[in-house]
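Have a look at this one before I ask anything.
Labels for the chains are A, B, C, D and E, by order of writing; each one numbers its residues from 1.
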């Protein structure tokens, strides 16, 4: 019988290839499970992977190839926010639905949103709103930040300031020129750490990620930034690739956030997923693996709801769809296509049962509490 | 004051690391006339091989001994089999060839060690911190401040004063004539390329305890070392030293004073130097 | 004849860093005069050439061309005035054909350097001119060969042709016959004399080949360790004991 | 002799023209899009080669002008501009003006120093695009939300359709290539070659070498700007990436691949590059290794680029048989 | 000492030396004359190994060295003074000499810096000057001195007098003659007058072939050959 073709576009090469590889693992697991269980609407799933290399023009070429050459029925992917934001306006030309699983920029379900694009993962505003809620409970007087010097870092700080001010009007923030935005290629964070330690701030929002975060944590630890005098919130600190690399060098007691935490949820769905993943790859699933995995199940749910794999009908089915994923139930908001999904934060802790730092305690924020309203998102489809 | 000193140390230690790496680049350019795009990949390999050695025998010192040495051997192979076929051709060919080598090495590293991040621990001897007024500062960074100039100085002395150093400089100036006085130039070139690769790898091994290892980590370093080498003057030792120092200090103090221009600092520096001194600080007019 | 000297040099001096290479040189060249500058190796002849004809700005002194102060002007400003030079080592456009080598100065001469939408092959006049010049120096038959392929002597003639194409008033030649065989040397001497006679072109040259110097120059300057040691006509120079000691040695017996 | 040679090139150009016109009718949609991209990148590479192959200047910042062009078009369209041709004109002007300013500071440098100073300025443009959020959208770039239709000769044509886009891009590029062809065949073109061959000699026959170089730099910048404008239309975006030195490396790669000594070499190189990329990424995920392994023999055995070495080979064959 | 047996040399596609044979015996100065482009330099470079002959033998002391690398030939006893001198510009005079030193051969008085300075007293005061800052004549002497530092048994001198002042030409001529006892010398010149004055035997090369050989004295008197092949 006819197969259903799904195209995945992730960063498979270059400095951030790890993200694409995680996603690929998650996707392949989902494909194997779904096919073993009879496919989608009776069609076996055939997966096509393309490399975005993290560059917008390459990503768009990859998408075009999947749609026009491979003739896929559905698209899943995109890691980088910049890539996602610039690629999204071209999706209507391809007339194929796309679920974004990693890129966090609010804009793809905001200012540049369109009928064809959905997102199942936590976006930047949801994550930072949770951080602001956490921050409001501390007795920090003045906040500063260190984040990568591109939209993600700057927006994280902007939104954090906006949300926290609304919750706790007394909170203080260092002005823009006193916070630290190291360029993305930085490997030596000492000057920035020095800048933070020199400032009067007693709370730090860290929005670095990946290799930057690893370098920062190690160097900051040596310089004594985590000596307990400051409150540190790390928005993407609970990413498994970071925790794995750092091992026991990850300080305990830091507040870290993530888009998916494999121990955050006791549901059967989650346990099955974690076990299946661990069994297949010998690893704990990262948020990116979960994203790709969940997106395919989301597609499955929509196609089954629509009773067809016709692209337009699947889109109609996706709008407002609620689906049970390992992370919990998510709902794709029909107005802007952003998933309403719970957000996990937690404190790093050592546990002999795990080779990496885990989160204890865990703090779950309900989707309704952290997701900005549709009006705020700025989406006008 | 205290912050100033810390910034100074930061600038110095980063600068010295850059110096080591640029030294290899500038030596290879000066002697072979090849601008080696894959230099950053040797830097990366140095770090990974150091880590690999430490997985087998947990000694950092053994790591920085064996890692860079293995890269030097790889350098020998690359020079013998590939590079020597492009001598005398336009520089763009060498850029392209070494770029191809970069692609291969970067991907090979990803395939062998996986796409994820790794960290390497500094040796126990250098792992602590010392107190500076009210703050602490890692000992390892101080070690870098010392190790860079030490290696650089001994190499410089070698090139300047030893007979072999002079022979290498002679071969750099005029390859044909060097053969004409009985110097076995092909072997010499291989040795120099191996030395250059060793320096890059040494830089990588020394950087490993301080930055995370990931495929393509060399890409970040290569452009900065190009900038150091060119603004210092191609092929010049003192040039590489001054260039690295200035870039290190600018990047360090720039974080405090420059804000969002920070990212462009190396490029502004490069352009400024070249506008004022067309051949870099120590470059010779041709 | 016009009596403003075509080239007038006052107290010219140049130092590389702190090292004075030429000092206090003053001389005058009348239009149409054939002048030679000779001197031992390292005396500073090439340095003198560069200081005068736009290689670099001399550190001291003044240079006047046709009454105008041209001190330190770059070469490309001097050329349109009519001052050109040739080089000690062959200096042509190796991968262009001989014809194209000559078209380059002609394009400039007719102010077409920036004509980026014109068609070079339709510039019939330039091609005709180029052929004339090539014919004049006697290498028209090689017009369509790449210059690099020519024998050495012919390359030097290409170099002369490049200079002549700009219809210069004053040509400064740095060792024009170096590396030429006697036959070619004779041809070069003939060419210089003929051009001087027919077009009134002024030549200023340096040479180590005394045969050429004595065959061409009516006035000779001797440079030694950066200063003018002697000047005068052939006889004066030939018989000056200082010149003999510093430069000529015993080789130039009459 | 010269005339024959000139007509030969004209004939080759005509054949190429016929080929490109026929392509979209014979190719699947995706390949038409790839071809569009080849043309755009090929034009960028040809602008680079005006400096590299003809003038002897290795510019490592050509992506800067390409990017400036792309942003100019994107800004024009996102601020209510509705004419595509005016958008491209903006790209041309932006490319030329930025090249004039930067070129003024660069053209005095030679060889590797020229390469590095152009890289430096290119990266400054990158930084501006990356950091000037209000104008350029910062690191995310400027998405072009809707492409106005092309109004020409009274008709309105949507470029939403890939074939229409191809035809449009091809027409613009054919015009640019023709322009470049005129330039290299002009007296000015001879000056550029003379600079490459021996710039000292040239200045000693009265040419202002720096100004000639600047003129070449501006022309190359303008053409790169147009290519950037087309890129923006084709991908509906302008992002900082395309000003980065990594992007500047592409025209270098393409030109050396195709052959810098041949007028259409860079365009051919672009085609090889994209062809290879498609082929390799289809076969393997480790495309970097394979690209590297393919590049090495090309560099070693094709010293004048693929097209250059092939034509040389054919030429000597013809000579021998005569 | 050295014998070329029918060597053929190409530059790419162009066929330059079309069967050159000549020999130089110990204690002899032999000159190779010919017009521009006749193939003099090519012959020298062919012997050295820069442009190895496609066919033919280059026999030094009974061994064929054709195709051997340049440095090996130098170590075997060839010394080369190229036409453009090729001094290492950034090295001092002393360093230029030092890098060229090779172990002496049996039965030879070894060349040392001291001995060099005896023969070239002009170089003494330039000891610590950079090679690039020397004038043409000084460079020519240094180039010769540098070749001697390799303790060669046979010297190839390519136009040692080009671009030199007449007085220096005389000087160099005297030095070359004084070396003859130690090393065999093959010399090329445009300046036939100079070359025939110091050589024992001479060859004339034209269009890549030897067209005359004989004693220098005879050649100096043979006006026909001089006119035809040397354009004197």
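Simple rule for what comes next: a contact is a pair of C-beta atoms (placed from the backbone, for glycine too) under 8 Å apart; a residue touches a chain by one contact, two chains touch by 3 or more.
These figures come from a predicted structure and were not determined experimentally.
In summary, no chain was found to touch both chain C and chain D. The chain pair with more C-beta contacts between its two chains, of A-B and C-E, is A-B. Averaged Cα coordinates give chain B a centre that lies 43 Å from the centre of chain E.
Each chain gets one centre point, the mean of its Cα atoms, and the points for chain B and chain D are 33 Å apart. The centroid of the Cα atoms in chain D and the matching centroid in chain E are 51 Å apart. Chain E has its Cα centroid 75 Å from the Cα centroid of chain A. Contacts with at least two other chains are made by residues 13, 149 of chain A. Multi-chain contact residues of chain C (touching two or more other chains) are absent.
Annotation for chain B: residues touching 2 or more other chains are 106-107, 110, 260, 263.
Every pair of chains that touch is listed here: A-B, A-D, B-D, B-E, C-D, C-E. Of all the residues in chain C, the ones that touch chain D in their complex are 53-54, 74-76, 78-80, 84-85, 87, 91-96, 100, 103-105, 107-109, 112-121, 123, 126, 144, 162-163, 165-166.
Note for the complex: chain A touches chain D at residues 12-13, 49-51, 55-57, 60-61, 64-65, 68-69, 81-82, 85-90, 93, 105, 107, 112, 149-152, 154. In the complex of the two chains, the chain C residues touching chain E come out as 39-43, 88, 151-153, 175, 178-184, 208, 210, 246-252. The residues of chain B lying in touch with chain A in their complex are 3, 6-7, 10-11, 13-14, 106-107, 110, 114-119, 129, 135-138, 140-141, 207, 210-212, 214-217, 219-220, 251-256, 259-260, 262-263.
Residue ranges of chain D in contact with chain A, taken from their complex: 28-30, 33-34, 37, 130-131, 133, 138-146, 160, 162, 231, 235-237, 239-242, 278, 281, 285-288.
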